[in-house]
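Order of writing sets the chain letters: A, B, C and D. Residues in each chain are counted from 1.
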Amino acid sequence: MAINDTKVTTAAEQWARFAPIVTGDDYLDSLRNRDVVVYLFGEQIAEPVDHPIIRPSINALKMTYDLALDEPELATAWSALIDAPVNRFLHIVGSPDDLVMKNRMQRRLGQLTGTCFQRCAGLDTISVLHSITFDIDQKHGTKYHERYLAFMRHAQRNNVIIGAGMTDPKGDRSKRPSEQHDPDLFLHVTRRVPEGIYVRGAKAHMTGGLNSHWICVMPTMNMGQDDRDYAVVGMVPGDAPGLTYIYGRQSCDTRAMEAGDIDKGNARFGGQETLVVFDDVFIPNEHVFMDGEYEFAQDMVARFTSYHRASYVCKTGLGDVMVGAAAAIADYNGAAEASHIKDKLVEMTHLNETIYSSAIASSHEAKPLASGIYMNDSMLANVCKHNVTRFPYEISRLAQDLAGGLLVTLPSEADFNNDVAGPLLEKYFKGRGNIPVEHRRRMLRLIENMTLGRNAVGYLTESLHGAGSPQAQRIQILRAMDVEKKKGYAEDLAGIADELQ
Amino acid sequence: MAINDTKVTTAAEQWARFAPIVTGDDYLDSLRNRDVVVYLFGEQIAEPVDHPIIRPSINALKMTYDLALDEPELATAWSALIDAPVNRFLHIVGSPDDLVMKNRMQRRLGQLTGTCFQRCAGLDTISVLHSITFDIDQKHGTKYHERYLAFMRHAQRNNVIIGAGMTDPKGDRSKRPSEQHDPDLFLHVTRRVPEGIYVRGAKAHMTGGLNSHWICVMPTMNMGQDDRDYAVVGMVPGDAPGLTYIYGRQSCDTRAMEAGDIDKGNARFGGQETLVVFDDVFIPNEHVFMDGEYEFAQDMVARFTSYHRASYVCKTGLGDVMVGAAAAIADYNGAAEASHIKDKLVEMTHLNETIYSSAIASSHEAKPLASGIYMNDSMLANVCKHNVTRFPYEISRLAQDLAGGLLVTLPSEADFNNDVAGPLLEKYFKGRGNIPVEHRRRMLRLIENMTLGRNAVGYLTESLHGAGSPQAQRIQILRAMDVEKKKGYAEDLAGIADELQ
Amino acid sequence: MAINDTKVTTAAEQWARFAPIVTGDDYLDSLRNRDVVVYLFGEQIAEPVDHPIIRPSINALKMTYDLALDEPELATAWSALIDAPVNRFLHIVGSPDDLVMKNRMQRRLGQLTGTCFQRCAGLDTISVLHSITFDIDQKHGTKYHERYLAFMRHAQRNNVIIGAGMTDPKGDRSKRPSEQHDPDLFLHVTRRVPEGIYVRGAKAHMTGGLNSHWICVMPTMNMGQDDRDYAVVGMVPGDAPGLTYIYGRQSCDTRAMEAGDIDKGNARFGGQETLVVFDDVFIPNEHVFMDGEYEFAQDMVARFTSYHRASYVCKTGLGDVMVGAAAAIADYNGAAEASHIKDKLVEMTHLNETIYSSAIASSHEAKPLASGIYMNDSMLANVCKHNVTRFPYEISRLAQDLAGGLLVTLPSEADFNNDVAGPLLEKYFKGRGNIPVEHRRRMLRLIENMTLGRNAVGYLTESLHGAGSPQAQRIQILRAMDVEKKKGYAEDLAGIADELQ
Amino acid sequence: MAINDTKVTTAAEQWARFAPIVTGDDYLDSLRNRDVVVYLFGEQIAEPVDHPIIRPSINALKMTYDLALDEPELATAWSALIDAPVNRFLHIVGSPDDLVMKNRMQRRLGQLTGTCFQRCAGLDTISVLHSITFDIDQKHGTKYHERYLAFMRHAQRNNVIIGAGMTDPKGDRSKRPSEQHDPDLFLHVTRRVPEGIYVRGAKAHMTGGLNSHWICVMPTMNMGQDDRDYAVVGMVPGDAPGLTYIYGRQSCDTRAMEAGDIDKGNARFGGQETLVVFDDVFIPNEHVFMDGEYEFAQDMVARFTSYHRASYVCKTGLGDVMVGAAAAIADYNGAAEASHIKDKLVEMTHLNETIYSSAIASSHEAKPLASGIYMNDSMLANVCKHNVTRFPYEISRLAQDLAGGLLVTLPSEADFNNDVAGPLLEKYFKGRGNIPVEHRRRMLRLIENMTLGRNAVGYLTESLHGAGSPQAQRIQILRAMDVEKKKGYAEDLAGIADELQ
């Protein structure tokens, strides 16, 4: 494949195109009229912002701006870097409290959107780059940390969204990056020029990729000496030449294109996953934060997953919605007082709060790294995420239990609007007292949305695989569990002297 | 509302319109050109058989005919009633073995269709009517059993599908049928004429209603003296005047209307749930099997649920597909040999076979009723169904685990067909060895279909609510557990003499 | 170690010492005055039958005789071999029904004894020997099957107990029998003389070993060509010269030696596990059923575990006692009507019946082997046992929940008998109404006995490890699950043609 | 019953008998030669400190003194009250960090003792009294808080152990304290004299009662106006006239009286539960902290359970021992490298750390009360404790799984010491390599001790019932879950406007 003739641009030129974003509407504007190549259902999309399937995912991110205005104590923080308040998604975590506040904001956004708001991976990337660039510089005398701080000053001032481009397609799992039959199966540097580097490859499952102003490419796993060209970290504008986005399908995605807002379940908010292809995309030196220091890839991934596995606390916000939806539908059905109903709501809450506790415990127990930034407790972050791979499924099952069978037999909104079918449906789906049939329908569609539909992707499957599949957490727990120390406790109590062993 | 002026028709007239069905194609023909009123997405459907959303549900039922030809030892049985082989779905169960064979056929059809094939409730209705009509006649000197046998002879000779119209809308759950503000919230007799009766009301969540030749209306719960008009059982042709079908939505239902067959996941088969409205539908006396004998409603429901809760063994057939799909995708991903992958496949199988064992145990332990028919063990049937409300969710979670995140980020079929996006997707989603990317896509879409999409309705939510929600089984287990006898065992071992109590 | 100079004895001589046993008391007599070497708490026990720790284990076996008289339809069967009724524990299973009746008897004995009655492994050994001796003869032209039938005629006529000596100590798990540093770590033939063979080694965890009239030694795992001397099956009288029994401890075992019967929890019944050492024990040729045909060891173990894993249905009898005890103590505490109490009793029952269903399903699905005997379904037997490794623990936890904290804080029987402490305890442990404090105490002690005490060994730990630890069942399920066939179902539904693979 | 003629004593006289305790040995001395009435196995015990069953429970408490010397940063804190360092068990929690440090100390002591060290309820009592006495004074103008602070100064200076006497026998659960047939079934004031009050009744399940220097009596549940005499809080010296202790049995308790230390499993440490009877015990006014202010009983219990349910983090220390013991025995058995073994150790750790995370999250999230003391988050404390009622049982099951069947078939220590049996046991229980058989025995006995034996009481049953049975937590979660707010989230996303409802 011929080398893409992408023009060299400077960091200054790249930033020149941005203006400070204040409101959610500013954010919407910032995404309009960008020159991005996006494919969805086999067609190139002219203006993603106005596409009915894409817009709900943008709305979810917009909420991160709106919340900063509505609840600034929660969603903003004072940045020492620019000596001004910044959106908490751009804040460099300087204390355990910063991490706890991050968790609270994540839960709140989950409550407000009922979906994945797509901005956590970027936040956790910012955090990990602070310490990793510092550590590389310490060893290699490079200037990455300074570059990083400069970038962050721009980012904070312009209030931009940074997406994390982490997961390479990986090809044959049994082979290393440099051993793949197609070198592009992991993103890598294809050319180095005085002004910067060119990268090529793709990032899969990129959450909110299309909705970000910048994409940070970074390694997806540990690297060896032969993988040097794959050990690259850099910032790419979301509309950089050479980028192609291909939109991922989600369950019930096309409902967003139907008339009416009831059957959508959650008409306003949705998630987004894209494949982003990098066809020799240029990155100016100022935006390169790692280039060849392969030995830091493992630490980078480990620290990122530690931050990011606790970020799955966001699912407790969705869990709150599930508890509320289950309680509401039970109430509409006239079953709210049954002891088994209350018991199931308690169980849902218990599981949800268990997840929450592990996340904030992990944050409260954060320790400083050499660069001065704080990192949450890795064991507890893994424990949190591991429970996230289990409990939302049970919470979802219990919500479906309380919903009743109508959850999956309810006719369409169009039928309710039909002159013949509509009145019949109104007549026969009347429940208790003065609860409008429309309330039952809306609540059932919300539960469908979160357990089977579009946002089930965010609440269930992403809970399983995001930030690493269950086995990834188990491996991490195995590494961190210090079994030798625990054997010591047991041997001491059992009266087994060490010298005998 | 004015009384519908439906013409009186005799049973003979009703049967005259049928011709014996032999092949699956005969079945398709039998559904064509019927005068049925069906609403779907706000429109009346002219020919349901050819509607892309409806057809997969018909295909699933068609498979019950095809299997009878392909594996007659499994899917047919010798009927003493007409002294000829009949489709097992029309066979009157004369032994425990008949029930076990039913279970095997159900599992097989689950394997073949990966969805709900909609014919079990009808089969279990036939079974329960045999004993209930007999018992009513014994007490009241009525002739229901003879009518029933006459109907069954016709049904077997014509090889028709009988659907079960059981679940009334119920309105305010705290009130009995006769106490509802709208008398139609439970189906009831509105008029009695010398030739028969008229019924009015609706049946909700009717599985495969539109695909049946006959609908058996019957009580959904126990009835009191004031509910006499609600204690009615009768057979109604699927195209009877006065019937209106309103089609229930399912997750991802509109994918059936998209081009291509990959994104459908399971392009051929689907389930069907409808609301069926009865607007003074006439039933000739020969097809009335209960009219006012309210005291038998409870037994009828109890026996039906006993049969039907074991019929949920069909989900083990879907479970087999899930295990196979999970194993296949792990294999395509190159992960089949990892110990944790194999362990998860074992767990899925263990749970699936646990369900199977409870169902066939229940059938093997069947005992004869007064009418000579056999009924399976009620405790074990409830135990089977109760596990069905739990294990498929865990099997589904494990299948999603093995599938990987691509399950919910994979772009659409149209993107794969696009000239630009297609080659990029082929390049970057290449996995191990010579496995075509299309195989991965197809298998992922099948898992999506069964865990989030259209057939997740059948595999998950219907497993929860069909034949009674979880609490219904718990109530039945509580009733049947004979706790006093068990207290006796404990007191005997503890040395507590009865006389002291 | 010098070869033991055990005298050669003929089979006839060995049988000459037996008299037909009819009643439970006959059984007690049959165990008295035997010349057995037994160690318990560091002392050789003169008469085990009268030892307070050993006697409850004998009582449990005695119940298998008493039940044959009390409920002959359950606990006896007609033997074609001697054309007379025999105890079902000695019956050769000739049909699926025989296996189901075995399961029912096992559950019943669990209800009656609340412990392990130690006779199932012997019964399952009898069953497996029928087919294995037949199969060896078919291949090698040996006469083992005839010998086996002759032995069984004696066994049935004399109504003896046969114990299974299966588990070798195994030493270093990574080495085969013939590779161990000490050849005795697996039992093996040390000498062959014209009249028979001498065996040496030990059998561990031998359930009810001391209470058996005969011990059948047999291989514990598959064998290779070099392990020929270890591939031996033979019958040894329980009092054979060269045998030494060393009694295994159990939780709370010494309570059996305390005064009073309340704190024992279950004063009458207990289990027994012994290490049995074989110091060149002689077996006459007539009682040798395998000698060197190593290639049959694997099948023998597989068939034995198939039978035996379903025999763990006995735990549902103990489960019945647990449900009863939990219900009784809740009743004594005045909490029986609380919804969460009833819900927990339902859950306990649901889990217990799930186990039961898998066992009897396995038996109902039995198929004949070449020798004419029936073998239960192996997959379902493994599923049954695998649930046994889980559910009793949860049932036990729920029983402790219902018992309340007094379960583990109740003072001793001696304190209740003390002049000062006794009246205080009576005063302060008075519960509701007219329930005597002694009833609460007895029921609490029974629950303690089964969840923490002596019979917790049988209800919990043996449920985990007997007939193979959990992983053994998982390996068996993995082997039997036929994943390729299931992949085929999935590929068919996904539209993946075989030829493409 | 005649009024006990207990002499009136002043607070000063009561304190005069104490001398400051520094070392663990000082603590042992402080318990000797006290005039306490203790019944155990029907006999009055002259010197509990030297009784082999009681001593291990004293050793566990002794460890709280030793740890203060060995790891002062963990087990001591600076007390503003006396301006000196104090044992953390006597420290008034002045910050979230104090609560987190408490949790860390509790886990550490669990690791060191493998049992219940009996001092947490007292610590949590101290904490709750700080705020409750303050609140009562605010409302009633009483002087309880001042008295409390004075008491605490003495307590800190003398470094004493305070036990919590909370659980009344309760009699008929359906009746309030003042309605019981026997007024003593709840502890109450029987007489008031100018110098103080007399109390009568009993406290059940009193953990470490006999090992405490002071017992704080307090209400066990909310009280009404008629229960005024039952609304009493006061401090009683452990050797006060009128007290009678009756020792509770535990599984395998008498092993402590056997020779040798192996079969004890954990020879040094054990728990203690006693019934403490108060026969008109005098409390001087200075030590009365509530007398009749019944409306504060509910808050007192609620705050106590909030503190105390997080204190169950101690079980993670025992969980560490379980993980270590399971890993060690797997290693001794030569199975440590099997993937399923490692996977089970990971699962045990995951569950254990989940508990830990909820406890410390609860503490980190502590908020100040009016008196200035901090109280941990109640929801998360309940979530912590609720997981404690489940996970230790599963951890215990997994430990038994890894232990193998020998766990419950191993012969006694005396048999190993016997001249004949001993060498046979050594020969046949030899495992891999150079691991002494004694190591296997010791580790198996430790696992037996913690899962079936004496410390299973502390690890399992107390985990279920201590600080409230499972249902108590569910009720608390139900109260605190704010379901209306969550319904609001769902209704907002579903597009349901509030005004319609």
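We adopt the following convention: a contact is a pair of C-beta atoms (placed from the backbone, for glycine too) under 8 Å apart; a residue touches a chain by one contact, two chains touch by 3 or more.
Values in this document were obtained by computation on a predicted structure and should not be read as measured data.
Q: In terms of CA centroid distance, which chain is the most far removed from chain A?
A: Farthest from chain A by mean C-alpha position: C.
Q: Identify the chain pair with more contacting C-beta pairs: A-B or B-D.
A: Answer by contact count: A-B.
Q: Does the chain C and chain D pair touch with the same residues on each side or with different residues, judged by whether over half of the numbers are shared?
A: Interface between chain C and chain D is built from largely the same residues.
Q: Counting in whole Å, what is the centre-to-centre distance of chain A and chain B, each centre being its mean C-alpha position?
A: 39
Q: Between chain B and chain D, what's the gap in Å when you average each chain's C-alpha atoms?
A: Inter-chain centre distance comes to 53 Å.
Q: Going by the contact rule already set, what residues in chain B reach two or more other chains?
A: 340, 343, 474
Q: Which of the residues in chain B end up touching chain C in this complex?
A: So the residues of chain B touching chain C come out as 100, 111-114, 261-262, 265-269, 320-325, 327-328, 331, 342-343, 345-346, 349-350, 353-354, 356-358, 360-362, 364-365, 379-380, 383-384, 386-387, 435-436, 439, 442-443, 445-446, 474, 477-478, 481, 483, 485-496, 500-501.
Q: Contact residues on chain D for chain B in the complex?
A: Within the complex, chain D contacts chain B at residues 339-340, 343.
Q: Applying the document's contact rule, which stretches of chain A touch chain B when the two form their complex?
A: 39-44, 167, 169, 171-174, 182, 184-185, 202, 204-205, 244, 246-252, 254-255, 258, 263, 273-275, 277, 333-335, 338, 340, 389-390, 393-394, 396-397, 400-401, 404-415, 417-418, 420-421, 424-425, 427-433, 448, 452-453, 456-457, 460-462, 464-466, 469-471, 474
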